[in-house]
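Take a look at these structures.
The following pair of complexes shares a single chain, chain A, combined with chain B in the former and chain C in the latter.
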Partner chain A sequence: MRTIRLYVRLLGAHLRSLLEYESDFWIMMVGTVIMQVVNVVFLAAIFAKVPHINGWSFWAVVAMFALVAIAEGVGSLFFEGMWNLAWQINQGDLDYMMVRPYPIVLQVSSMQIGVNGISNIVTGGLMLGFAIAHLGIDWTVGRIAGGVIVLLSAIAVKVAINLATNSVSFWMQSPSPLFAFAVHQVGDLARFPLSIYPLALKAALGFALPFAFVSFFPVTFVLDTGDAWVGLLTPVVAAYCLAVAWFIFSRGLRRYESAGN
Partner chain B sequence: MKPYTAHARAAALSALAYRGNFLLSLGGAAVQLIALLAVWKVLLADGQVGGFDWPHMRAYLVVAFASATLVGTFVDFRMSHRIRSGLVALDLVKPVDYQRARFAETAGGVWIEAVAVIVVVAITVAIGGALDTPPGPMLGLFAASIVLIVPLKFAVSYLSTLACFWTENFVGVLWARQALTGLLSGALVPLAFFPGWLATTAQWSPFAGLTSTPALIFIGQASGTHAVLLVATQLGWVLVMWYGARLLFRRGLRRLTVNGG
Partner chain C sequence: MALVEARQLTKVFRRPDKDPGMRGAVKHLFVRRFVDKTAVDHVDLSIDAGEAVAYVGPNGAGKSTTVKLLSGILQPTSGEVRIDGLSPQKDRIAVSHRIGVLFGQRTQLWWDLPVSESLAVLRDVYGIDHGTYRRRMARFEEVLELGEVLPVLGRKLSLGQRMRADLAAALLHAPPVVYLDEPTIGLDLAVKDRVRQFFRTVRDEGTTVMLTSHDLGDIEGFCRRLVIIDEGRIIFDGDLEAVKDAFARERILNVQTETVVPLEAARAALPGAAIEAGETPLHLGVRFDRFTMTAGHVVSALAPLANLVDFNVDEPSIEDVIRRVYSGELVLQP
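Our next item is the complex of A and B:
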């Protein structure tokens, strides 16, 4: 409990400092909202001409886009500091964290706050809400509970991949997390139904970098179409990703050797 | 002329120094190319949608990739940083025209992007077969239209980066610009897919020249006088925005506050 309370306070401090720059805040908000609106217009333009992509309707694809937006939003709002890890290692800033009585990984991830996370979560949430309303899902208690668990797990998968790929910075000299950014970009592929991709990409997004569990499989589970049972594996995949991320981070931390000055 | 070629040469060399960031932006465009190719391959598996069949759409998307890769955001980031930090004062005392110097830098960095485009196009052709090229005169017009992308995209970026004189935040402006140009240029989906009013507006906006014009000429959907008119529109917007930017720059300078030190 104390860990969580401290985490909220750490983030709160950064949020307050960011709100000092009010116009910055609104420009970032407007920027991300425009990005999401453009995504929906783009999908609407395609679906105005075709009824479905490989069996997936407009609203099903909107739901996948929405899940990616929400997962990214949670990543930036609550764990943005991970993207700063490479810089911290490069500068030797982890020294300070090692002497504080709080988990280092949480100190790292709370180092920053991405206000664009707020607008991504809100617009993603709206997109998901509209999609669910239009998809005519047969809600049972089991499906609601399962849906919530799958949604939370999907977010955990994305955050875990962020942590794992940023932790690779322990082995690289670069002050910016190029590898993590590259993987993050690959994640954009998961906004479309996995079934449209050639086998190699399916394998990559399903196993190697399980971005398909951020968006595609959770949606198949809630819609109960295709291989819906795979969606139920999302919590397992999330646990696995978190374990791997934690393993890479702690192995990396052992390699860490300050900056020396 | 000489100081500007010096700027261009320096930018051409620094393109190599920042190859990590360059490869990253290239990766982003490549991911989008892969996703859109996969989507359209499924959609066009049997027949046409909106007047496009698979070979044409594939060629369209390859040209869209090329136009997305040419003229990256390197110069904008540097410029926005120098405006916000006040370092721009040093640029202003140099005996060169600010706007022309920035354009020289942009043009100097194009070579590495052109090389990357050639490599990716070669890979696409190797995997999916050759692209049909338009007949001789139209090929010349296509080349002119591709070359015009450089000053046109520079003008769009330069104008939006001048916003830093007023906003002090660049990333939000950049996101909004990238999202809007992606949509209105036809990079995400051909403009013909939009509802009539939006398609017409986009068609004659400066953005269509960034992707739609060269891509439509390449696949032969725009030819003859229509194609000439589209390229003339590109040129017209280059001139309008070039001189418009000068006016805006003059107003922006009045807002500039530089702290001494």
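Our next item is the complex of A and C:
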């Protein structure tokens, strides 16, 4: 509990200084909203030509888009600092964090707030709401509870992948997280149903970099279509991803060499 | 057991051996060559509670690396560290409550927060209650004149303001052990005086201090123990005053004569002293041991050789002693 309270404290400290640059704040918010709207318009254009993609309706795909947006939004709103890890390693900026009584990984991830996360979460939430309204899901108590758990797990998968890929910077000399950026781009593929991809890509998104558990499998679970049961594995995959990410980070930390002057 | 203990502590950095430029970088991708640099070499060090230790050495000697090993920032290549019996690498959280670290070259303040807010965040990180916090802040305000600094954003601090704020940050949780790595670097004389004053109050409260500095003014009158490191190895560990007594016993008498005195003639007149040529042929430097010879003796021995126009005596400070140790001219035996 104290760990979480302190996390909010560390993150919140940056909020005030962020709000000092009010115009930047609004530009970022509007920019992100526009990007999401463009995504949906693009999707609608595709579905204007074909009624289904591989058996998936427009609204089902919107739900997948929505989950990717929400997961990304949570990642930038609460854990944006991870993206600075490469720079901090390069500059030796972890030194002081290592002598403070708080988990280093949380000190790193709370170093920055990505305000555009707010608009990603809001637009993603709206998209998800509309999608659910149109999909005519048969909501039972079990499905609601399962849906919430699967949603939280999906977000955890995305955050864990961010951490794991950024932690690779401990083995690199580069001051920017090139590897994590590349993987992040791959994650965009998960906006579309996994079933449209060739086998190799399916395996990649299902196992190696399990982005399919950020969007596709959680949606199949809630819709109870296809291999819905795989969606139920999302919490397990999330736990696994977090464990792997933590392992890579701790291993990397042992390699940390600070910086000479 | 001592409060701070290092046994056979060693750190080897492995650096990629790249040719400069793009070509070198690409070549390195295929042919990986590395050079090893032993920054800290089998260091044994043990510091008791309440000691104030000066840790000095030339640039690149391994001082900062030692501090990073002693605080758990770096993993030793071999050897081990114990702080109050705990390993800073393995019991990181427990040790972090016991140590305070200041690197004069870099700040731990948040660049986008006012100093007051940075310190408040650290208060919460260390779990310091508000009453204790207020009391400590009051003391910092008194000795470090922190009041004027508190509302300033981290990135807008002047060097002197930054260092005072960073000192407060490093000592906020009243750690029993403090490492200060070049805490006066770049400060003007007035601020230097103030922070030196502050160090003394910290020491007098019983805090164990390890201080690294190139400004020996920081250590004189503050540290009783002197440790000298060179190329990663400890070459001296002993009493600062004893070093001064032993090596500051040497005096140099600079004389100016009316007519040229040949060096050989002066040497013949003063066996037991070292004679050096001065800046002109009319100047001589006579180096002698104050326990075996007096300045008066030197003057009267030289008087028959020529008329003396002027003379003065240099008393070497600890700074000269250490400079001569760095240059290899003087070997200290602990």
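By definition in this document, the second predicted complex is superposed on the first by the 261 of 261 C-alpha atoms of A that agree within 3 Å, B and C clash if a C-alpha of one lies under 4 Å from a C-alpha of the other, contacts with A are read in each partner's own complex, and residues count from 1 in each chain.
Here is the rule we go by: contacts are C-beta pairs under 8 Å (C-beta built on N, C-alpha and C of every residue); 3 or more make two chains touch, one makes a residue touch a chain.
Quantities reported herein were computed from a predicted structural model and do not represent experimental measurements.
Residue contacts after overlaying the shared chain place A:L233 against neither chain B nor chain C. Touch counts on chain A: comparing chain C and chain B, the chain ahead is B. Contact with neither chain B nor chain C is seen for A:L152 once the two complexes are overlaid on the shared chain. Applying the stated contact rule after C-alpha superposition, one finds that A:A45 touches chain B and leaves chain C untouched. In the superposition on chain A, contact is made by A:A182 with chain B only, not with chain C.
Of the two partner chains placed by superposition, only chain C is touched by A:H14; chain B is not.
In the superposition on chain A, A:F192 makes contact with chain B only, while chain C stays out of contact range.
Those residues of chain A that touch chain C in the shared complex are 2, 6, 9-10, 13-14, 16-17, 92-96, 98-102, 173, 254, 256-258, 261. Looking at the complex, you find that chain A touches chain B at residues 21, 23-24, 27-32, 34-35, 37-38, 41-42, 45-46, 48-50, 53-54, 116, 174, 176, 178, 181-182, 185-186, 188-189, 191-192, 196-198, 201. Put simply, chain B touches chain A in their complex at residues 20-21, 23-24, 27-28, 31-32, 34-35, 38-39, 41-43, 49-50, 167-169, 171-176, 178-180, 182-183, 188-189, 193-195. Those residues of chain C that touch chain A in the shared complex are 13, 16, 64, 68, 71-75, 92-93, 96-97, 99-101, 103, 105-106, 108, 110, 112-113, 117, 121-122, 124-127, 153.
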